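Got a structure for you, questions after.
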Amino acid sequence: MAKVAGWIFAQGGNILHADQHRDAEETVFFQRVEWSQPGEATDVRGVAASFEGMARQELGMNCRATISNEKTRVGMLVSKIPHCLQDLALRFKRGEMRGELNCVVSNHPDLREFCESMRLSFHHVEVKPDGKAEAEERQLEIFKSQKVDLIVLARYMQMLSQRFLTEAGVPVINIHHSFLPAFAGRRPYHQAYARGVKIIGATAHYVTAILDQGPIIAQDVVRISHRHTVEDLIRKGQDLEQAVFARAIRSHLEHRVLIYKNKTVVFD
Amino acid sequence: MAKVAGWIFAQGGNILHADQHRDAEETVFFQRVEWSQPGEATDVRGVAASFEGMARQELGMNCRATISNEKTRVGMLVSKIPHCLQDLALRFKRGEMRGELNCVVSNHPDLREFCESMRLSFHHVEVKPDGKAEAEERQLEIFKSQKVDLIVLARYMQMLSQRFLTEAGVPVINIHHSFLPAFAGRRPYHQAYARGVKIIGATAHYVTAILDQGPIIAQDVVRISHRHTVEDLIRKGQDLEQAVFARAIRSHLEHRVLIYKNKTVVFD
Amino acid sequence: MAKVAGWIFAQGGNILHADQHRDAEETVFFQRVEWSQPGEATDVRGVAASFEGMARQELGMNCRATISNEKTRVGMLVSKIPHCLQDLALRFKRGEMRGELNCVVSNHPDLREFCESMRLSFHHVEVKPDGKAEAEERQLEIFKSQKVDLIVLARYMQMLSQRFLTEAGVPVINIHHSFLPAFAGRRPYHQAYARGVKIIGATAHYVTAILDQGPIIAQDVVRISHRHTVEDLIRKGQDLEQAVFARAIRSHLEHRVLIYKNKTVVFD
Amino acid sequence: MAKVAGWIFAQGGNILHADQHRDAEETVFFQRVEWSQPGEATDVRGVAASFEGMARQELGMNCRATISNEKTRVGMLVSKIPHCLQDLALRFKRGEMRGELNCVVSNHPDLREFCESMRLSFHHVEVKPDGKAEAEERQLEIFKSQKVDLIVLARYMQMLSQRFLTEAGVPVINIHHSFLPAFAGRRPYHQAYARGVKIIGATAHYVTAILDQGPIIAQDVVRISHRHTVEDLIRKGQDLEQAVFARAIRSHLEHRVLIYKNKTVVFD
């Protein structure tokens, strides 16, 4: 901490926020520092690069320095359910998110009309029962050509292969419609209804090759009762899903999320 | 509904609260009616008995009529962890619960002092590794002699056998320190910490022979973050546990809980 | 209750939901019954009308019987802030609300583009400092010509006169960006920040002539801390506002809200 | 930050937690550092004292350095309502709080029995209508003789004079049974019921001479509906009160609360 603060001070930077976390059990130390750095864009990039070098060599830390006003490019995969796409598209449009939503790829044509009304680039890539590999190829092509830095799954109803995740080479965030680890897998609202829980939830997490097992970024819950049918659970859950999904993506875009040991540190 | 309301009206009763629930999928109908009935205690018991008869014969309903000012007798099983016992003992003492806490049985002597300071009858029944059956026998003796109508497990760290549950012949309510069905079984806070969830919970449920699988009565949750150690989770969780446990027991004692299909209807 | 249930049964109706409330202090009784009634549309309207007559004459109750598949027509007033309008427009479009959003009237032209992209009829009615009466006249003309049954204020930044409310002759629902009665009036997030509260909220209520004093339909809150600036409060609050606003409007459109004594009964 | 971290490092200390806050509007900087310092008790006290000196002179900061294993002594004022006293007494007894509850002073004798059963020193100081000044004198005597560092008002139903606050010379924490600033003053649950709010709350705050206007430390809320009577609000509210009160006192005892401009920074 002393060295980091001293280094920034010496470069003429001004620390705006600093947050640390020490995992005593794992003896890992995490730090997030946000500072304003006077100078031209190229100077700032230079400072960022030398900070990364210093942190690695002098402090032995993994380090990533990003420039706040360089926007992250986001690609989206979606199926037919519209609410997460629509809510997110409007948040990007209103300027609430530190990033740009560059393209939407869907295995169904249903959401084309909405995307076009929002002037969002929409790509229909059909996923045939025996054509998943080709479809993923095509999806990757689109995301690569758009140079996306993040892929978000806005209720995308297909499993992604490990190959896709490796090739994509960027983080992938999914919204799952349950309070994980409860009710992983298919039809979580039906599972919740059958079990008779009194609270349902939604979970945004990074995608790994194991279904619904990746590091959790954000979760939220809402109370239900015996009065609520499965349809009520779905409707109430959708409000949760879009709120939790947006919150997780915002944290990611503001570089507040660090991953370790299948868990996250979220510096909110 | 029409017949029930009409019958009560004809007996000179005055409906205070009425609540219904129809499970459309299962085509079951539930009703809870609370009414004031003028007359002597014996008259009131007579009216209750004829109501039960009418409901069964004329309406083909399962029915239980109870008298609000006849207090339910409660027995408790506890181990060493004090907070649920202490919170509940004080709630009974302050008159918040429609019932009486009649006896506390523990497999450890640690909580005797507190119980005695509260003038609560305390029984130490040791559970030896190979003596569970005898211990359960002794526990049942105590509960039977106290004529308890409900047994509550205030962080009791032993599984109860099916035989115990059958012999006891009264409902048993447990508090589990996780948001079920997530983290059933042992050391749920450690499990939650390892999984990196952002919210933890507590669940009060009726005990069945299958561990942590009985009908859920009440649940609640609290937000956590990477800053919290397992010890923090335990401390925050304890506040949840005692609140959820008390809420579930209160609902039960006010006869607001109906069980069906491993779920509950809670008429709050 | 007995008479209402009996009457419906006699007409061949089938009760789906029934809810009652007795305010013991005010000795008022409230009931909401939802039933399916076989027959043609005209028959159903006839049954509804005779139910109203029966309830008034035989039971001495105020009564309103509505037909669930006749959609309520909704008009909206909005200024420049887009999120409540956008969220609501999409909810109507997705068919989540039992009603139709028929027209949007704004004192600014900013939201025309969005409305047109959604094929929502948009009317710009400027409100000049000394021209409020004329503007309200024009707004009323539009709402009357659209035959709206409900007006919603989606962050509309002008006070409505008592004359407007009387002339409109339909309920008006407003979303206020604080947890009323705390921080009524202007700039509630700035007020909340200055007071140092640890939780902020949003409130949907029926509009009366007294600012922010009408019957409350729905409220919700979110935790904040010293880390949050006024801008953070505004951003977090906007998520609350749209959720609470949608919830209140849905309850109203499903005829679940009864008003009495400047309070509401919401049969959820 | 750099200097503080460097100084501790140079003394052989090991930083366990560090938290900062910068109020951009007020241009104030806050920091809380928790470190382990090897050495004897006297050495540690010496290091704490030199840290305070360094912070004041070299950094121009207000500074308070406390030793974690020196327990804060707490005095309590209470009237007749038992739940906050009882909950807190048990938390101290269970060792959950970093401090000691040294004495309870009440204007009524009702809670003597409970305190004695817990071996808590209890003092009855009657407050006669025209004898407030004398009563405060006597209360101060008790707190001074017990050398308390903190006074907590566990539902104490009397206003304290400015003179009392000044003479006491230690912080005073109160629990108010509403979501401040809503429903300050008397009978907040009755006020909340009359206004028809859908959520009620509780607020723990430092006491100043102006009723219910001091810096807020912690707040929490719970949902209510038209079904709840004033008595229900009181019962639900009591659970909130004891939870919020305990949370605020714990934060204070762990030296996590900084006051400025009638607000608090709580480093949780």
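Every chain is named by a letter (A, B, C and D) in the order it is written, and numbering of its residues begins at 1.
The rule is simple: contacts are C-beta pairs under 8 Å (C-beta built on N, C-alpha and C of every residue); 3 or more make two chains touch, one makes a residue touch a chain.
All of these numbers come straight from a predicted model, not from anything done at the bench.
Comparing the contact residues of subunit C and subunit D by number shows a mostly shared set, over half of all numbers used being common to the two copies. Distance between subunit B and subunit C, defined via averaged C-alpha coordinates, is recorded as 39 Å.
As a whole-number value, the distance joining the C-alpha centres of subunit A and subunit C reads 34 Å. Counting partner chains per residue, subunit B shows two or more touched chains at residues 227, 268. Chain contacts here are complete: no pair of chains fails to touch.
Of all residues in subunit C, only 1-3, 5-6, 9, 15-18, 20, 22, 223 touch subunit B in the complex they form.
The part of subunit B that touches subunit D in the complex is made up of residues 82-83, 86-87, 90, 94, 96, 117-118, 227, 235, 239, 243, 246, 268. In the complex of the two chains, the subunit D residues touching subunit C come out as 21, 23-25, 179-183, 195-199, 201, 215-221, 225-227, 229, 261-266, 268.
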